[in-house]
Every structure is written in structure tokens, then in C-alpha cells.
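Have a look at these structures, which come just after this line.
The following pair of complexes shares a single chain, chain A, combined with chain B in the former and chain C in the latter.
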Partner chain A sequence: MDFYLGLIQIIGVHTLLGLSAYCVLQTGQVSLAQAGFFAIGAYVAGMLTVLGHWPLIPALIVAAVLGGATACAVGFPALRVKGLMLVVATTAFGEAVRLFFFNFNYQLERGELKIGPHGGEGFRQIRYFPENGWSTLEVAIFIWVIVVIVMAALWWMDRTRAGAVLRAVGQDEFASQSSGINITAVKVTAMTVGGVIAGIGGGLFAHYTTHIEHVQFGVALASFAIAYPILGGLSNVFGTLIAVIFIQGFLIEGLRFMGDWRNLLFGGLIVLAMNVRPRGLIDENTSALFKRALWPRKDRAGA
Partner chain B sequence: MDYLDFIDTIQSIADGVLFGATYALLGIGFTLIFGVMHKINLSYAAASIGAAYASLLILAGFKVPPAFVFVLSALCGGVIGGLVYWIGFKFIPLNNPLATLMSTLGLLLLIDEIVVHTTQGVPLAYPVLFSDVIIPAGPFNLRGDLIFVFMLGCICMVLLLLLIYRTRLGIATRAVSQQPVASALCGISTTRVNILTFVITGVLGGIAGAMIGAAIGMLSPLLALPLTVKGLIVCVIGGLGSIPGAILAGLLVGGLENLFQFWRGVSERDLYIMLLLFIFLVFRPGGLFATAPGRD
Partner chain C sequence: MKGLNIAAAALLCGAAICLSDGAAAQERIVKITGFGAKSGVVRVFGVNSEAAMKAAAEVINASGGVTLGDGTKAKLAIEFLDDRCNAEEGISVVRRIAATDAFIAVGPTCSNVAESLFGILQKKVNDPSDSGLQFPIIADVAAKGGLAKISEWAFRNVPSEFEMYKSLFAWLRKTHPNLKSIWGGVEKDFAHSNATFNVMIQQAESNQFQVLGKSEWLLADTTFSTQVREMKRANPEIVVISAHPFTTCGVLREMERQGVKPKLLIGLTSSSSIETLQGCAKQAEGIIIPTSFAPVNAEAQKAATNVAKHGGSADLHSAAAYEIMFILKDVIEKQKIMARPDTVAADRVKMRVGLAGLKTTFGLLGTVGRTEDREAIKPYLYVHAKKGTWQVLHTP
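Then we have the complex of A and B:
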């Protein structure tokens, strides 16, 4: 049972990571820096609860704010460039954050032990959940409450003017600029929102794994972050969720019996999925199909 | 700084510049594909390492002198390059940049895993040529293997420049990279140029992979991701689509990387390279050899 609860926690945290990339991808930008914001969230939240004895929720809020602030600061220089340049710039930023934590040493004496981030060895003993007697089930529920809140907020945002503006910038920058949208502001805002979500996700990640180290936040995690929304489709938030369940639940855990071959299949399936469904598993047509099936009358009234 | 420190600093820059030839080749590969297709091929560095591995496997099967490993690696690189085009680009609509980005990312993971699977993840020793030769140059010593790698890189670059600027294929490639529609109207087959670009960059990548193996003395699948990042950085610092830019930037990154390693240690080295990239992005976003703005 604990195995499945652990899997549910992983899926929850990765959904947050995917959603943070989803926000940025909405504006047509590919950011590989999400793993960097995730790392910042993880280290900050971990240090606050372990070294500062803060409760979890304020620590998560600080992690979110810091993640967002970094994203905003990175957004201004990085979003001057686009396309490939942005991919490279954000990759470099993510790697720079990882290397920063690789060299980051801040330990306090606590009785016998030394606690805190310790360079290449990572940051051990983030024991907030066990110390406060949270069961695995409670942790899973807590993570999913946050995931649901974030998903609901993004779902709502997709339906407001803000969502329309984001999509407009993503689909045609020139056209949206001509209709009076400040595209830099929109992109930096999307990046900031992505940073906030990644910060929260990182904070949760640090607490359920209890041990974080720099290698976990490398380019691989960043590519997972953009893989979820692109594989799932950018038409709505559920695409990301389905892609996370597919990758984490099916490809990584479900295929364990295949041993070594699983990893081979993983890259191959991504390539296959992109060849078969280049616009993601759930694209505009699929979601329109669902809507028609679920609310047939409303659709007719609209048409 | 006293005299010995000065000598050591210059020495480490020189070693780095020599090794930088491999980065230059990788950067050229990224830049060429971007120039022709306006697409990014993330699997390029992994394919290079894969080609070097494939050449090692072939070398183990047949009894040929170790120098052939470079030729074999180039051939394997060309084949892998063609395959990458076939699998990752052929069937995906070109107006959807995210899809090709994702498919090449998938290919990166796939190639990496194939390598891990066939070698059980154990790093393999690579035949090193001229490792016992050390050329003294005044107070400095130049390592024979690095010199060999550098010369090989220079030969490849010269050949590539001749190919691009002196042959019909080169003219077609440049035409497609400047104006795909107009060149298609002039009767150039865009698909053919694209495939050939992938094969040519694959050959370059195979040589780069072999050079990396020869310079480090071994091959490991762990090299693929850092090399991807380095190659992309080189291609951005040099200016997207600019071959001379990629060459210069490759040597620059190689030299600076070794300098930072000498000053600050191996764990902080890449941090400064990233900072260098950010300095470029802020003050000179087009790179060293930026194309004139306004040209499509």
C-alpha cells in the first residue's frame, strides 16, 4: 500500500513540475529552467523547516515566492531571446543553479549531528513529516490538495482573459503585439507563475524524499518538466496530468518487470508519441470531442 | 602572480583551446542543422558519442589498426545522422517546433540508453594516439594527443568550409538556409538538402565523438548530456547559424573552461561558463557573428 501512496506522491509532485512548464509553454516559450526553480524551492523549503524550524506551509510559501522571484529575474534577460536561444539560456540557468547547490555548503551543529546542505553530498535529514507524525496517506493527501488547487487555478485562468492573452502570444507574437498586448510582460508573468508553481513543487519534493542532492535537478529533470505538457498536449491542464500518470505510473513503475529494456522503451515511446500525435495526446480536437460528448446541448446552442 | 603561476595559467589555456576543437565541431553540428532547418536537434551530442561507441564495437570485431577508429566513427556518425532525420524529423510537421524538440529529446534518451544497454554502463577505454609524444615549446609542453585532436578538428573544419562554400551541395545548403521557399522554387530539393545536412553533421559528430574519446582516453554514456549543453552554448555564443562563430566560440569555451578549472577547481568550472553565456545573452544576444537583423 505504501508503495502506491509513494507513487501517488511522486505523480503529484511531478504534475506540479509539469504544470510549471505548461504555463511557460502556453506563451510559446520552451524553458528548461524549471528544474532550477524546482531546486531553489526544494533547498529553500528544506532549509527553513530543518534549520529554521518553520512549519511547512509558511516554508512552502517562501519557496514559492523565491521561485517566482528568480523566475521573474531570469525572465527579463532570457526572454529577450527566443526559440533555440531561450532553450539554451534556460538550460544554462538550470545548470548554473544545480552547480550552485553542488558547491553550496551551509551546515549547522545540532547536537551530535551536522545538518544542512553539504555540497556534493546533498542535503540529508529533511525529516519534517516523520517528526510531526504525518502518515504516508496524509502526506499524499496534502500534496494532492495543493495539486488540485494549482490545477483548478490554471483551469480557471485558461478560461479568463489572461489565458486568452497567453495563448495569443503563444500562437502569434506579431499579431498579439499589434493588438496592444505587451508581450514581454506576458512572457515574464507566465515565467513567474511557472516559477511559483515549480517552487511549491520543489518544496514538497524535498519533504517527501527527505534527501535532496544536486544531481536530481539536472537537465534530465528539466526535460521531463517540458516533456509532460508537450506529450500531454497544451490545450488544457489535464493533458499534463495524463502525461505524468502515463510516464511515472506506466513507463517508469508499471514496466519495472522489463528491467533494463524499460529505459530503452522510454525514449523510443516519446519519439513514437511525437510521430503519431505531434500536438500532444490531448489536442484541441480531442478536448472538443470530449466536450461534445459530455455537453451536447450546450454545444449546439453555441453553434 | 609569480612566473610559474603565469606559465601554468597559459599552459592550461593552451590545453583547453586544443581540446576546444571538439566543442567547435559539436557547435558546428548544432549550428548547421539550425541554419538549414531552423530546428534544434538535441540528440546530436548523444549521436556523436553513440557513433564513437559503435566504432569501438566494430573495432573489437575486426582486426584493424586503431587509427581506423576515426574513419569508422565518422561513417557510423553519418549513418546515425541519417537515421535521426528519418525517425525524429521526417514524419513530424515542420511548423510545430515543440514536436521535433521533443522527438530529438526522446532520441537523446534512446541513444543514451542503447549505449548503456550494450555496454552495461561500463566506461570503455578508447585508443589514444600519440599520447607519449610531448612537444616542448619554450617553457610550455604541448600534449601530443591534444595536438592530434586539434589538427584533426582543423582539417575537418577546413573540409567542411570547402564543402559549404565551394561545391554545388554547399550552395544548395546555404540557399535553403537563407530562403527555403525561394530555393525550392529554383528546383532545389529541400528534403534532400535536409537529409544530406543531417548526414554531414553526423559525420562531423562521429569525428567529434572519436576526438573526445581520444582526448579523454575513455568513453562513457555520462558524457552525452554535458556535451549537449556545451555544444548548445558554443552554438549560441558563436551566433546561430554561423560556422566561423561556432569554431571561435568552441575554442574560446574550451580555453576558458580549462582556465576556470585551473583557478577554481572542477566543481565550479561549468558555473563560470554559464555566466559567460549569460553575459553574451545580455550584452550581445546575437552571439559573436550575429546575422544582420531583419533577414529571414
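Then we have the complex of A and C:
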């Protein structure tokens, strides 16, 4: 059972990572900086609980605020460019963050031990969960409460004017600008919200892996972050969740028994999925289908 | 009459089936699961560990297998899972193994995975406030210093690189009194290389070598011209390279291209493997590396042959996996492990107690000592690359 609960934790944290990219993708921008915000959240939350003995929730709040503030600061200059140039700019930012933590050394003496981030050797012993007696089930529930709150907030936002504005900017920037939308403000806001979510995700990641180091926050993680919402579809937040379950649950864990063939199949199945479902696993039509199945009366009334 | 014959045949068949069932019940299988990197840049370490575990299990099984707590004999079966040198996957793999009847896991390859894994284990045994996983793990490859301290459920059978390089630099001081200057090269983003590089430099300075500077590169780098140019400019007498075979070979080739010819080359323990010789035997000629394995006696030669039969090569890491199988056999028998689904929790505790209580263990180069903090004190020697083979240079 512990194995499945552990997997549920991983899916939860990766869903947060994917949702952070989902926010930015809504505005039509591709950001590879999410791994950087995730790293900031991981290190900040880890340092607060391990070095500062903070409880986890305030540590996650600070991680979220710092992730969001960094995203906002990065968003202003980075979002002046578009398309491939933005990909390059955000990749450079992500790498800069990774290299910062690669060189970041802040250790405190605790008895015979030195604890805290230790450059390339990483930051070990972030053992808040086991040291406070949290069971695997409790950790999984805690992570999923956060995931549900974030998903519900984004779901709600999708249905408000803010969501419509985000999508409008994503679908046609010039038309949106012509109708009076401040597209810089919209893009920076989306980036900031993405940074907040990535910061929370990073904070949780640090606490369930117990050890973090710069290599975990490289381009591969940034690619996963944007792959989840793209593969899952941008029509609603559930697409990202489905994609995370597909990649983490099925491709990585489910195919582990295939040994060396797993990596080959991994890429092949993603290509196949994108070919079969080019607009994502949950596209607009699938969303509408679900909606009709779940709320048939409302649908009829609308018709 | 025909009916009688059919009835007799049916009876015989039934009896044969019953007997064969009985025989099967007598011969039990104990599965030992290993895990490590079987994909990516460090794939070869996982491949070698799996081959070594299978080779050792074959030897143990050929000599009758292991005797379980209830007196029955069991054969060892090996399963090996790929964690891709990724901490998250390593945690998942261990949770997966711990969800079965396994009472021990062997691995991982990468120190960064070990850091995370050992972190999710209970730190102190019998601490009711710590909800960490209570499952023993013994590492064969992850070599970064002091990892077993993280949890009392963590054990290692890896050599102490601190002791090896301490001894090596003291020996170099004695045997090469005229050499003074050193240049260091390090694969900066790999925890093991980085940690060991610090040990190397510290020991070099303690032995009055003058460290002129260092070059840094990354595990996935393929070009090293800038780093070697820095090295060339410093013109050191000794070059110390703390990197795995893939980038060690890249740097050595670049050194040859730029005409950098130090009087002495020192390498990382992990590079004393067949991969270095396959990749750059000519350029690595003369490189000195301390190692805890070389086929220098009959037992080690037999192990190397057995590992090769299973598609791997014996080096200091896979030899550790080979030795671990014999350590496990010993503990299973001494602790009377039952290996039954209803005794899993008790078997894990027994295995931990057994491993923690060991003072010495079997080693291919001689008896291996055990420390209080669950690490190994392994015999070692210095090898150097000579005409495409590793040859023993000195036995301290």
C-alpha cells in the first residue's frame, strides 16, 4: 500500500508542477523557467523547516510567495520576447537558478553535524514528515488537499472573466490588445500564479524526497513541466492531471517491469499519444462530452 | 482389463504429481532485489551490479543455496530494477520492493539516490516518533562518504575513499619526493566525484603537494578543451582527475591532443574499470587509482569470470555487489530468517540486526571490517593502467 501512496504523492507534486506551466501556457507562452521556481520553493521550504525549525505550512507559504515574486520579477523582462526567444530566455533563467543552487553553500553547525545546502553535494536530511510522525497516507492526503485547492482555484478562474482574458491573450494577442487588454499585465500575472504553484510544488518535493540537489531542477524537469499540460490538453485543469498519471503512473512506474525497453517505449508512447490526440488527452470535445454526461439537465437547458 | 490399465496409469500420474508437488515445496526460492541505474550515462554500473548479483547467487545455489530459519533449503533468485539514477524513482523502487515479501534490497548506484532513499528510512531504530520506512538496504555502488549515517536501516559495502586517498598521497610523497605541483580536474555536478575531489585535494595538501588550481566539467560534457588549456597553462607535474570513465576518457583524449603530459596521473576509484580501458586505454596509460577490487587471487579471478558470464564486468563496485550476496547468505542463516509472507516484518528486523552486528565479512581481496556506523573497511590496493589492462602497482 505504501508504494501506491508514494506514487500518489509523486503524482500530486508533479501535477502542481504541470499546473504551474498550465497557467503560463494559457496565455500562449512557453516557459521553461518553471523548474527554477520549483527549485526556489524546494530550497526555501527545506531551509525553513530544517534550519529554522518552521512548521511546514508557513514554510510552504513563504516558498509560494518567493516563487511567485521571482516569477513576477522574471516575467517583466522575459515576456517582452515571444515564441522561441521566450523559450531561450526562460531556459537561461532556469539554468541560472540551478547553477545558483549548485554554488549555494549555507550550512549551520548542529552538534557534530553540519546541515543545510552544500553546493553541488546538495541539501540532505529534509525529514520533516518522518520526524513528525507523518504516515505515508497522511503525507499523500496533505499533498492532495493542496493539489485539490490549486485545481479548484484554477478551475474557478477558468470560468471567470480572468480566465477568459487569459485564453483571449493566448489565442490572439493582437485582438486582445485591440480590445483593451493589457497583455503584459496578463502574461506577468499568469507567470506569477505559475511561480506560486511551482513554489508550493517544490516545497513539497523537497520534503518527500528528503534530499535535493541542483541536478534535479534541470532542463529535463522543465520539459516535463510543459509536457504535462500540452500532453493533457489545455481545455481544463484535468488534462494536466491525466497527463501526469499517464507519464508518472503508467510510463514510468507501470512499465518498470519492461527493464531496458521502458525508455524506448516511453518516448514512443508520448509521440503516439500526441499523434492520436493532437490537442491533448482531454481536448475541448472530450471536455464537452464529460460535461454533457455529468450535467445533462443544464446542458439541455442551455440548448 | 483396459479400464484397469487406465485406472492404474491415472493413479501413477496422480502419485507423480503429488510427489513433484512435495519436491517443489521442499525447494523454496528467496528473491533478492537489487536496484540501480540501468539507463543513462551511468547505466553500466547497474548492468555490472545485476551481473555480479546473479553470478554470486549462481555460486551460492550451486553449493546448495541458503538454509532458512525452519531448516529448509532455498535457492536465491535475483531481480534488478532500474531507478535511472533518479531520486524520485529510487524512492518509488524501494517502496515497491518494501511492498513485497522482501526483507532486504541491494542498491543503489548513485549517491544522490542513496541520500534520498536513506532519508525516507527511519533514522533511529525503535524510535516511535519517527515514521520512516523500516526496511534494510545495503548499498553496493553509491560511494559518497558517510551515507550510511543517515539511517540505522542503511548499510554499505563500499570502500572508504578517504582512507584510500589518504594512503595513496602519503605513498606518493614517499615514492615521488621530487614531484610537487598538482592540478585537479573534477566532474563538478556528480556528488560522488565532487565529494571525492575534496578528499583528494585535502590529502594532497596534507602531504605537502602544491595545488596549482582546478578545472571543472559536467557529467554530460563532451568537450574539454578549455579545461585542459587551463591545465596546460599551469604545467603541473601531477594531474588528479575525479571523474567517472566517460568524462575521464574525454579529458585524457583532450590532454593528448593538446600535448599535456604530466609526470603522474591519478584517477577516481570508479574509473578503475573496464570502461576506462575500453574508452581510452592508450591515453590512460600509467594512471594510478586506488581500488578495492582487482583479480589478484583465485577467488577474485573466479568472481570476475562468473560476472563476465552474466554479461557484466567485475570492478570495485560490482565486486561489492558480489560480496553482498555472500554477506546476505551468512546473515540469513545466522539470524534464522524464515522468508515467509507472515514473517516479513520480523525478517527485516532480523536482517538489520544481523547486518549491524557484523564485525567482519567476506571480501574478494580479504576480510572486510565493519564499522559502528554500518560502513565497510575494505582492503585495497593501487592499480595502474598498463598496456590495456589494470595491473597492481602497490599493495599498502
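We take it that the second predicted complex is superposed on the first by the 303 of 303 C-alpha atoms of A that agree within 3 Å, B and C clash if a C-alpha of one lies under 4 Å from a C-alpha of the other, contacts with A are read in each partner's own complex, and residues count from 1 in each chain.
The rule is short, and it goes like this: a contact is a pair of C-beta atoms (placed from the backbone, for glycine too) under 8 Å apart; a residue touches a chain by one contact, two chains touch by 3 or more.
In this text, all values refer to a predicted model and were calculated from it rather than measured experimentally.
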* When the two structures are overlaid on chain A, which partner does A:263 contact: first (chain B), second (chain C), both, or neither? -> both
* Asked: Can A:274 be said to touch chain B (first), chain C (second), both, or neither?
  -> first
* Identify the partner contact of A:121: answer first if only chain B is touched, second if only chain C is, both if each is, neither if none is. => second
* To do: Considering only the touch criterion stated at the top, classify A:1 as touching first (chain B), second (chain C), both, or neither.
  => second
* Asked: Which partner does A:102 contact after superposing on A: first (chain B), second (chain C), both, neither?
  -> both
* After superposition on the shared chain, which partner residues are touched by A:87: those of chain B (first), chain C (second), both, or neither? -> first
* To do: Considering only touches as defined above, state whether A:25 meets chain B (first), chain C (second), both or neither.
  => first
* Between chain B (first) and chain C (second), which does A:130 come into contact with in this model arrangement: first, second, both, or neither? -> second
* To do: For chain A, give the residues common to its interface with chain B and its interface with chain C.
  => 102, 119-120, 260, 263
* Asked: Once bound in the complex, which stretches of chain A touch chain C?
  -> 1-3, 6-7, 10, 102, 119-122, 124-127, 129-135, 208-211, 213-216, 252-253, 256, 259-260, 262-263
* **Sites on chain A touched by chain B in the complex** => 25, 30, 77-78, 80-81, 83-85, 87-89, 91-93, 95-96, 99-100, 102-103, 119-120, 218-220, 223, 226-227, 230-231, 260-261, 263-264, 266-271, 273-275, 278-279
* **Sites on chain B touched by chain A in the complex** => 34, 40, 87-88, 91-93, 96-103, 105-114, 116-117, 225, 228-229, 232-233, 235-236, 240, 267-268, 270-271, 274-275, 277-278, 281-282, 285
* **Interface residues, chain C side, partner chain A - complex** => 38-39, 81-82, 84, 87-89, 91-93, 95-96, 98-99, 112, 115-116, 119-120, 122-123, 129-133, 144, 150, 188-189, 191, 194-195
